Amino acid sequence: MKFHNPNRRAILKYGAATGAASLATPYFFSRGAFAQSNNYRNAPTGSTVTLGFNVPQTGAYADEGADELRAYELAVEHINAGGGGMLDTFSSSALRDAGGGINGKRVEFVTGDTQTKSDAARASAKRMIENDGAIMITGGSSSGVAIAVQSLCQEAGVIFMSGLTHSNDTTGKDRRANGFRHFFNTEMSGAALGPILQKNYGDNRKVYHLTADYTWGWSQQGSMEKYTQPYGWETVANVMTPVGAGDFSQYITPVLSSDADTLILNHYGGDMVNSLTQAVQFGLRDKQVNGRDFTIIVPLYSRLMAQGAGDAVKGIYGSTNWHWSLQDEASQAFVRSFGEKYGFPPSQAAHTCYCQAILYADAAQRAGTFQPSVLGAALEDFEFDGLGNGPVLYRAGDHQCFKDVLVVKGKENPTSKFDLLEVVEVTPRAQVEYPADMLGGELGPYNDGV
Amino acid sequence: MDAIFLQVLNGLDKGGAYALIALGLTLVFGTLGVVNFAHGALFMLGAFCAVTLNNVFNISYERISETEKDFLGNPLKEQVPILQDWVGPDVAAFLIDWSVPLSIILAVIAMAIIGVAMERGLIKHFYKRPHADQILVTFGLAIVLQEIIRHYFGANPIPQPAPDAFSGAANVGALVGLGSNVIYPWWRLVYFLFSAMVIFGVFAFLRFTTFGMVVRAGMQDRETVGLLGINIERRFTIVFGLAAVVAGMAGAMYTPILPPDYHMGMNFLVLSFVVVVVGGMGSLEGAVLAGFLLGILQSFASMTEVKAILPGIDQIIIYLVAVIVLLTLPRGLMGRRGIAED
Amino acid sequence: MLRTLSRSDWLLMAIFTAIVVTLPWTMQPIGAAYPDLLQKFAIYGIFAIGFNILFGLTGYLSFGHAAFLGVGSYAAVWSFKLLTMNVLPALAFSVLIAGVFAFLIGYVSLRRSGIYFSILTLAFAQMSYNLAYSVLTPITNGETGLQTRAIRQSAEISLRDGDIRIIDQALGIQEFGVPITNLFGMKMSGYPGFYFCAVMLIVCFFVALCISRSNFGMMLKAIKSNQNRLNYTGIHTRPYLIAAFVISGMYAGLAGSLLAITDPIAGAERMQWTASGEVVLMTILGGVGTLVGPVLGAGLIKYAEQKVSSWNEGILNSAFSFLPDGAQAFFVELFSFFVGEGWHLTLGFMFMVIVIFLPGGLMEGFRRIGRAFNRARRSEGGRTTVAANTPAQERG
Amino acid sequence: MSVVELTNSDAAGRGFTSGIPDKVLHIDDVHKSFAGLHALSDVDLDVRQGETHAIIGPNGAGKSTLLNVCVGRIKPDRGAVIFDGDTLTGKSPHEINQLGVARVFQTPEVFLDLTVLENVMVPALSKRDGHFKLNPFSAIAGETSIRNEAEEVIVNVGLKNHVHAVASSLSRGDKRRLELAMGLIQRPKLLLLDEPTAGMARHDTNATIDLLKQIKEGGMTKVIIEHDMHVVFSLADRITVLAGGRIIAQGSPEEIKNNPKVKEAYLGEEQV
């Protein structure tokens, strides 16, 4: 019997950062003995530098976390080799010119399990900072965790490069100087989806929202409402559903008896899989209301999760940060290097994590130091290309990347279990941009940890 | 009116699932006196019986395609199910289509073996141990089972479609004289019927067989039955096996509604304990009643009209009902004095 | 009050204090000597000690104790946001509010016993969690968790997003960047934070020891032993149970506030049933009804969560690098099931092994070692040690 | 004839006040039936200050039910139990105990996880501190006076060598002694003893009789339910005979010995 087995990892020859700090005597009443000599926390002293990869290894997002970790391992491999994958197509040549490592130091890494819980994520991040001497933290698969770890990194004085986090708040009202996000957000999803939805489904639709009852859900629902309103789309009802409800039938049947002709599922992860599967079972996709075909929309898609929903995703629109089927040179290079190593294409979570690792390394190389304030300045308003999303801007005002957004649709005739989504349109960056102060929040000063 | 009718259907459907899980839990508690925190894991294992059967039917060999390309641009390796070569494409397609209902057979066999092995190997040593020890050891076992499943199947949910014949929604409205908006998925109707049949079967088994009589007597008074010289040990094993089989079948049949993942058991664990306790520890009828009661109340609490008056009520209704029931009826709906009160 | 304890109790106190204070050194060989994990050891130790006052002494198994941990955390963060970054008011508020909350829940739940009591507490905790995650977001900040912020610039900013810190403002304390918790100016993160928690742990341990040796503690043990008889002895058991419940709720509140003190954030998932279950597991793992056991259980689980989960294949490879290539690959392969992402498996096996072979938890293991040691000494012809005669002190 | 005597005292008992010192316990017209079966009917009974009052009767006569009514475990269908001016009916067991009524159980109900000393200290503390006292810091070890008292009682009941033993390790007979000690330490105004010597060897029974005699001299009022006529006639000042839930005779041991009704009720069952 041969089962698909995504958890096995090839045994790699990657460096083990056992953490020099753990062998030193406890350094009392100071934030790291090294800090005094080097002006910033966990400044690397030897020939290596340690990155901290904080991903969910247990719980609902464990597979997504495993994919993130694969991407990080690949990124470390490429950085240490001074090339390979998207590092070859990346517009900044600093790392390639350096010929391996960052600032002459070989990259090692430590890992931690966020369990998709803020407490656990902060604890493992602290372990990597305090015990393993990690110079930065990156990863994660939910916004709650990203915001919690981001503020921790701000307090501890290290850089945080967030993984998959889609809530506006990460670079909105909870933005921090030490935190940077490559992934897009609900605002951009809404802005990208609005026109496409109008083009495909017309004006004046009656929308029923099912919304996961927490900050991301509310924020996603708000964006969808905001960007479909100009086309006369009207919200019939917005029903909050508990996170992890499992069975959504009691929220779906009222949709049947309402006069709505569109259902927007503001759900992610397991909730999305379940609510979409069940909505389709209730025959919503085949229904006709007021002479129009009933429509289901999933604003944020993840290929891994779409896999869980199976046939239910067919023909359903949503947005995504990146998809492996993109034909540009950079995406192709990434898919090839990832696929050759692991045997299947990378997910969007893997892509954003790979990019974040490369972007951090590149900024450190260009800045010539790992000091957060200097390194951060090198990232601010940094324009780059060749990482699979076209030209991208790391905006200084909120430390958010601005790039094209992909609108995707569940494929009707998938050729493999990875081939579930097709890219319908690439919404240009200009269309999803918004002013840096629109979402509130304040970056504050950098913290170098001294 | 339509909305209320649909919520009743939802409630019955949910209630059926709750009752099925709670049934085995309360059976094991009532006869064996064991608090089984691994019961949710048994439900999960049942669901993965369906996944396994589907995978087995889909065991394939590779054929290099001449036309298609894979994601790296190499020639696509097509997967051809071996089954297709054995029984022909039509039968193979039928088997794969019907893999979920067929997996009940696998679930019955596999879960009986697992249940008996669990009881013989582990649970029987814990009959006389404090509940705290039982909780710890079965919780540990649940984690181990979960991790083993994760190792083979990953953490993502795995879709298990219902057979094509049941995949759509039934126009229930036409049957009962309500509007055409009253449609309900075929598979959920099947699941409700299935749960009703299993519940009925378990009750009949316990009521009309000598074995069942002994078990019920054991639930009333464990010590006396032990004194009667009946080989109670063997019967305990069978009871545990039965509980595992019921949980497993419930899990296998639930997969089209909820794509299974490795920790789905934990999500049901707390809920099933609440159902059992609201029903009254050790009462089979109570568990079934409580399952349907909580299912229906949860459905109604989720209605927009109700939520408008009491925001968040759908999030806590189950627990709120549990509190109210336990404060008014000290031993749940149908519990007896002296069981699990110390 | 000082007469509460016997000489062996004082010895226990002294040894316990010495071990806790020296943790930063003694934990180094196993890689646990860093502030965050040490803080967690102390904090969850307090949580488990408090839980054990209820479960270990009275036998009432609460499955909703995490609610008090969560309430304590929220109370502490609100104290930071509204009053001052000084930790003492936060500590006081948390304990007080957790105590009131515990009284309300305990007053209702303790009308029932056995598993009915467990489910009532579980129900209250789950309701708290579900509401805190969603509807109560204005107070709890929902999924993101309640955090301290900079002083707000205008009254239009909600209190969730901007703090007022009345006392600090009145005292004219300047803030730069992220506000930091302090004890009269001493930062409460890192090692000072650990020592603050350690002092609390020692105090809590001392109080628990006193309770265990007191009249009150004896009544609680009598409840566990035979509640019915106690009624006929003229004791009204409910006030004792409520008192024990409130005390252990206050312990949980204290632990919650320490979580917020060492790391000023409070999230709803602290109240989830898994968190309640965790403290139950800690207590049973270490040894129900023993004083030291719950602390050990807490340490073991937190160590597994933090360290075992971090041993990825790279670390395994270097750990087994002394072996020949084939053997190294084999052992790395084998161990990778149990560490890193497989750390739950280790935890599951640990629960099973301990409960199967050491009913009574880790402390039972130590007792057995102690007995075997004593036997060995006696068979050597040495004099019978006093320890063998001490009547079950550790049961307390 | 004792029944006459009962009706006489009954007339006075209606206007019972605590001012009349010689009636400590007054059971007033108590009825109790279980599922139609009359366990107790028309039971009127007075127990005088300082006396040892034995309640005897064949199996199923209602002795234990009567005792359970007295301590609040069973609620009577009708009637009341009045102790020292307080109505006990409707009060919870701990309240009844706090009024000065202690009960010694037939099957030992001791605190199995506690030591013998602790078992005896619990009722002693209950007597001193009332039904609830939050005293987490007042040490058991510091309770010297209560401790000494408890040790004395333990020695008296013959458990000298087991003071620090855990109760679960005691033999059944020793557990019964412990039960007795737990009742005695409270120095109750009224001690209810449910077959204090059942299952004891003759030697132990005699020792228990001696002990109870000693207490009698101390003036404690006792109600004893007993099967063993040797015990009854060694201890009792007055005896009430129950049969079928009714009082059939009451009087001094001598009167009871010669009562034909009693002989009839016990015919073939007990040798007096």
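Which chain is which? They are A, B, C and D, in the order written, and residues in each are numbered from 1.
Here is the rule we go by: contacts are C-beta pairs under 8 Å (C-beta built on N, C-alpha and C of every residue); 3 or more make two chains touch, one makes a residue touch a chain.
On a predicted model such as this, the values are computed, not experimentally measured, just so you know.
Chemist: Determine the set of chains touching chain B that also touch chain C.
Modeler: For chain B paired with chain C, the chains in contact with each are A, in label order.
Chemist: Count the C-beta contact pairs for C-D and for A-C, then tell me which is higher.
Modeler: Of C-D and A-C, more C-beta pairs in contact link A-C.
Chemist: Select the chain whose centre, defined as the mean of its C-alpha atoms, is least distant from the mean of all protein C-alpha atoms.
Modeler: It is chain C that sits nearest the middle.
Chemist: So the centre of each chain is just the mean of its C-alpha atoms; given that, what is the distance between chain C and chain D in Å?
Modeler: Using C-alpha averages as centres, the distance is 47 Å.
Chemist: Provide the C-alpha centroid distance between chain B and chain D, rounded to the nearest whole angstrom.
Modeler: 55
Chemist: Report, in whole Å, the distance between the mean C-alpha point of chain A and the mean C-alpha point of chain C.
Modeler: About 34 Å, centre to centre.
Chemist: Between chain A and chain D, what distance separates the C-alpha centroids? Give it in angstrom.
Modeler: It comes to 76 Å between the two C-alpha centres.
Chemist: Enumerate the residues of chain B that touch no fewer than two other chains.
Modeler: Chain B, residues with two or more chain partners: 151, 312, 315.
Chemist: Where in chain A do residues touch at least two different other chains?
Modeler: Expected reply: 7, 62, 66, 213, 240, 242.
Chemist: Let me know each pair of chains that touch one another.
Modeler: A-B, A-C, B-C, C-D
Chemist: Can you list the residues on chain B that touch chain C in the complex?
Modeler: Touching chain C: residues 35, 122, 125, 129, 131-133, 135-137, 139-144, 146-148, 151, 266, 270, 273-274, 277-278, 281, 311-312, 315-316, 319-320, 322-323, 326-327, 330-332, 340-342 of chain B.
Chemist: Looking at the complex, which residues from chain B come into contact with chain A?
Modeler: 2-3, 6-7, 9-11, 13-14, 17, 55-56, 59, 68, 70-72, 76, 150-162, 167-169, 179, 181-185, 187-188, 256-259, 261, 263-264, 267-268, 298-299, 302-304, 307, 312, 314-315
Chemist: Could you pull out which chain A residues touch chain C in their complex?
Modeler: Residues in contact with chain C: 7, 9, 11-19, 21-23, 25-29, 31, 57-58, 62, 65-66, 108-113, 117-120, 122-124, 126-128, 130-132, 143-144, 147-148, 151-152, 154-155, 169, 173-174, 213-216, 240, 242-243, 440, 442, 444-445, 447.
Chemist: If we count contacts the way the header does, which residues on chain D are in touch with chain C in the complex?
Modeler: Residues in contact with chain C: 71, 92-95, 97-98, 102-103, 105, 109-115, 118, 121-123, 125-127, 129-143, 164, 166, 182, 186.
Chemist: Please give the residue numbers of chain C that touch chain B in the complex, ascending.
Modeler: On the chain C side, the touching residues are 55, 59, 61, 108, 111-116, 119-120, 122-124, 126-127, 130-131, 134-135, 227, 273-274, 277, 280-281, 284-285, 288, 337, 342, 344-345, 347-352, 354-356, 359.
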